[in-house]
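Look for subunit A in each of the two complexes below; its partner is subunit B in the first and subunit C in the second.
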Partner chain A sequence: MYSVKSNSLNPNPIPKFFVTVLLGFTILHSINHYSEWALIIVISIMYFINGFRKEGIQNIIVFGILFFVPDFTILAKFPLVIKMLLSLLFVVRMFYIPYASGKFLIKTSDVGSIMSSMDFLRIPKAVSIPIAVMFRFFPSFEEERNNIKMAMKIRGIEIKNPLKYLEYIAVPLLIISSNIADDIAKAAETKCIANPIKKTRYITVRVHIIDFIYAFIMTVIVVGGRLCLH
Partner chain B sequence: MKENRLKIKDLVTIGVFAVIYFVVMFSVGMIGLIPIMFLVYPTILGIVSGTIVMLFMAKVQKPWALLIFGILTPFFMMVEGHTYMLVLHAFVVMLIAELIRRIGNYNSFKYNMLSFAIFNTWICGSLMQMLWAREKYIEMTMMMGQEYVDALVKLVTYPHMALVYTGAIVGGVIGAFIGKALLKKHFMKAGIV
Partner chain C sequence: MLTLENLSLFYEQDKKILEDITLQVTEGECILLTGESGSGKSSIINSINGLAFEYENARITGKVQVDGKEIKGMELYQISLIIASVFQNPKTHFFNVNTTLELLFYLENIGLDRKEMESHMENMLKVFPIKHLLGRSIFELSGGEKQILCVASCYISGCKIIVLDEPSSNLDEKYIDILKEMLQILKEKGITLILAEHRIYYLMDVADRIIIIQNGRIKESFTRDVFLSLPDDILYEWGLRSKNKINLENRQRPLGKDLIIKKLICDFKDKGELRVENVSFDLGKIYGITGRNGCGKSSLLRAITGLVEKEKSDIVFGGRAIGKKERLKNSSLVMQDVNHQLFTESVEEEIKLGIKDLDPAKADKVLSGLGLMELKDRHPMSLSGGQKQRVAIASVLCKDSRFIFFDEPTSGMDYNNMIKISNLIKEMKTENNIIFIVSHDIEFLNVTTDQNLCLEEFRVYK
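Entry: the complex of A and B
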């Protein structure tokens, strides 16, 4: 999660999410190759105008490599085992376009704006609170896991049996996590999360022209690419 | 009188356990790098994640908790580039699991076990995607040589998928028993459940 200044060039999470779902369709219903490139380039442009240059370039290069992999006929001469491993690349290639747009969503929107867009869409509290907790809990989960590993190293517990190892890691982790869950719940109750009135958020979602432009361009490319195929 | 609606505490628990489940799922998913292992992935996931989900079910014995818990992971996977089909498939699976849990009144081990076995089949959705997108995939792998394509066509079929589903259910049952043993051994003592 990166904190991003709210500006008129960064679409809010709703169109970004819409585009990700839309691009999911391209896995099952293939579209024209030129449109695929157009989608990737639009995402890269969006990265550029928001100041993420590295990600923008990376996006184009990775897709370029994946796009041309099936054209290397020399691969056909490799033994079957290596081919099996290479087939993973094809799977990645199929899923890359929606993945790129999902990555754009995660990189350029912060938790606050995701929360307030969920308010905006009237998503029930039963779903939005767990999602917020997930964002809050991810970093502390990693921290706890590293702590347990370090404690095991200090006491010289060695990993001989993977099943035992799993038990040694999983049990304390689950106990700590369920204690943390209780703590988070208490903290949330103290901040009066159950209050049924409308909440004011630090970041509010505003609708800019860029939202419509982004969603519209992507829709046109996907629909156009689908039609061109026939 | 027992309050039967989901409270803030339960919602937070759902979020925390969803993170654990998500991390475990991804670490187990690393074995998917070897293509054949894809087919046993649901079974292994069931065995490993059994403890987590059983603990979750023991902690939150209320309606709809499992449905929300189960739908969060596919939802995040969709953001990371899977199709909408995965979420729809998961939703149907979770609904069945939730109903089975309801029959057992949310606290019977037998029904929770069955419910987890069904719950565990949601991951098969990601393999089903391959089946639904088969033509595109085969078209891309054409240059790999005919024998490869033939092997693939033979491998990815509906009967094989049924086997994968069975594997997922078996894995779920084993995982549930391991989970029960661990719950007895550690968590009851610690007063977590």
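Entry: the complex of A and C
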């Protein structure tokens, strides 16, 4: 058996995906503040035990800042300009919790385990292959984005004017993204990914106790948080 | 085994890329396709592995047959069951992030069971001792290691034909030697190899036939012995690189008086560090920076330019210490993939970007000097690779930087284009700047640089 890094503290993609969908409900059906913090802390703990310390701390700090953004009832009393700016931030805050768990899913799942999980769930190839390519895309995209940022820095393009910054970064980012996506697709296609026969997977989805713990704790927090509000 | 008969390839309606290519390849033969950049050698490779019509919307006429079966009209996966491919830039040509899974990916897709996969893997490891590369993330591997993995994954697939598109273009000397050994082993195993390459010296013991491609046609075809007897002048005339291995000249440690690196440390955590001490450079000179894949050339370049947040450095320029911010202000960089550094909507805007009060006369002079005057209203991304690179160089020239850096400016370039870039860089040299070139291209460094800094002696491995 050839070792493929498998970490018994890293849930497989299925519970992570389940949790992300579950947390999606919190956007429109709010839960109480303690539960929100509990969710964020659990995600940070998961980052920590998987060796992503920076992401764990960042997660808490970002939510800590967003937490103090006033909600719509208070916002209504502010002058128009402040209202506009803060309501944008409030929308970011609404989406932050599902975003955080989605980021955890992307950061800690590799494309092999995602393919195995989707095979396990019998997701059709027409859906699973594009999703797998998408997941493979993120780490390469990150690498290339850093190169573009470096090029911008050396050309003296600063972030002072965010609109101008976005305009400049958009051109190379789009071109490079399309190249990466093409290359990954070529790599997959020349390795027979579209072969219609029944495929085997070297790593099969193995269920660890952490999968249940993660899914269970998050469900309890969401349900509990929802009930507390009533 | 593989037959190309009157193969022509068109992009869009009538843009002819290949014309009337006829080639018979016998089993176990190694064919080297070479020629100038843009001559069509990669298009031949892409016509064989099917990528030209699947990805580039090309249209072909004529025949491409393997064992009498026509490739045209087959699905890509059907072609890939017979022909394996190695690409020029291994950076993004992996589907999996884990190296072991990448090696097994093809076997998974053809439905082998675990036992068979393991026996294929064991067999491959006996042929290529690359156990140290297993179970790692591809993002941790150097360019050379990635390319080895690519070739190994072609072997493990069991395909009888492997096509390789400029496999050496991002490799250093050591990995080119390893690649050569791997190709020799594949040939001994009876695998048919078809390579498109501009760097040809390392294939002189491997290739059976050398085919020169010019303007989309086969110009000449030689057996290895006849090719080896040709004088270098003829090869240069055809735009080819040298067929002999070239060694780096001017290897002594640079000692100048203007820019002094007293100490600069790039920390690679568990992979050791690059500790550059007491190296100094003169204004008005061009310096090459060389070293193996993964020895820290790009890291050094980033550190000198002041792009690295956390680094320990003690650098002096013109008699006083020069900090990160000041270095960044005085530096310009032409990246290997220039797509990263073109931001605006026209060539003219591009060269003005980030420069306050650029004199229009100067901008015009730079543009016409680089043959970009007619293109000044074009979108930079609509230009060819060479033109894009010239736009990046134009913006560097307008910035008038003290320190100018080039990162692998000639990767994948034929002789004539390499000489053009070399002349361009030499013209950029003034008494007010220092030019640094990070490159593996020894032939290019020898005709361009005044001195070379080899990073091996500064690299500390843990």
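As a convention for this text, the second predicted complex is superposed on the first by the 146 of 230 C-alpha atoms of A that agree within 3 Å, B and C clash if a C-alpha of one lies under 4 Å from a C-alpha of the other, contacts with A are read in each partner's own complex, and residues count from 1 in each chain.
Rule of thumb we're sticking to: contacts are C-beta pairs under 8 Å (C-beta built on N, C-alpha and C of every residue); 3 or more make two chains touch, one makes a residue touch a chain.
Everything numeric here is computed off the predicted structure, so don't read it as measured data.
Q: Which partner chains sit in contact with A:Ser30 here, subunit B, subunit C, both or neither? Use first/second/both/neither.
A: After superposing on A, A:Ser30 lies in contact with subunit B but is clear of subunit C.
Q: Between subunit B (first) and subunit C (second), which does A:Ile217 come into contact with in this model arrangement: first, second, both, or neither?
A: After superposing on A, A:Ile217 lies clear of both subunit B and subunit C.
Q: Is A:Ile180 in contact with subunit B, with subunit C, with both, or with neither (first, second, both, neither)?
A: A:Ile180: touches subunit B and subunit C.
Q: Just to be sure I read the superposition right, which of the two partners does A:Val171 touch: subunit B = first, subunit C = second, or both, or neither?
A: In the superposed model, A:Val171 contacts both subunit B and subunit C.
Q: Touching A:Glu143 in the superposition: subunit B (first), subunit C (second), both, neither?
A: After superposition on chain A, A:Glu143 lies in contact with subunit C alone.
Q: Could you look at A:Leu66 and tell me whether it touches subunit B, subunit C, both or neither (first, second, both, neither)?
A: Once the two structures are laid over each other on A, A:Leu66 reaches no partner at all.
Q: By the touch definition at the top of the document, which applies to A:Val21: first (subunit B), second (subunit C), both, or neither?
A: Once the two structures are laid over each other on A, A:Val21 reaches subunit B alone.
Q: Mind working out whether A:Ala188 is in touch with subunit B, subunit C, both or neither, as first, second, both or neither?
A: Both partners, subunit B and subunit C.
Q: Any idea whether subunit B or subunit C touches more of subunit A?
A: The larger set of subunit A residues in touch belongs to B.
Q: Residue overlap on subunit A between the subunit B contact set and the subunit C contact set?
A: Looking at subunit A, the two contact sets intersect at 136, 171, 175, 180, 182, 184-185, 188-189, 193-194.
Q: Which stretch or stretches of subunit A touch subunit B in the complex?
A: It comes out as residues 17, 20-21, 24-25, 27-28, 30, 70-71, 73, 75-76, 80, 83-88, 90-91, 93-103, 105-106, 125-127, 129-134, 136-138, 141, 166-167, 170-171, 173-175, 177-178, 180-182, 184-185, 188-189, 193-194.
Q: Across the complex, what residues on subunit B touch subunit A?
A: 6-9, 11-20, 22-23, 33-36, 48, 51-52, 55, 59, 64, 68-69, 72, 76, 78-85, 129-130, 132-133, 136-137, 140-141, 143-145, 147-148, 151-152, 182, 186-187, 190, 192
Q: Can you check the complex and tell me which residues of subunit A touch subunit C?
A: 1-5, 110-112, 136, 139-140, 143-144, 147-148, 150-157, 168-169, 171-172, 175-176, 179-180, 182-195, 197-203
Q: In the complex, go through subunit C and note every residue touching subunit A.
A: Going by the criterion above, the answer is residues 49, 51, 54-55, 75-77, 80-81, 84-85, 87, 89, 91-98, 100-101, 104-114, 117-118, 121, 134-135, 139, 153, 157, 302, 305, 307, 328-329, 331-333, 335, 337, 339-345, 353-355, 381, 395.
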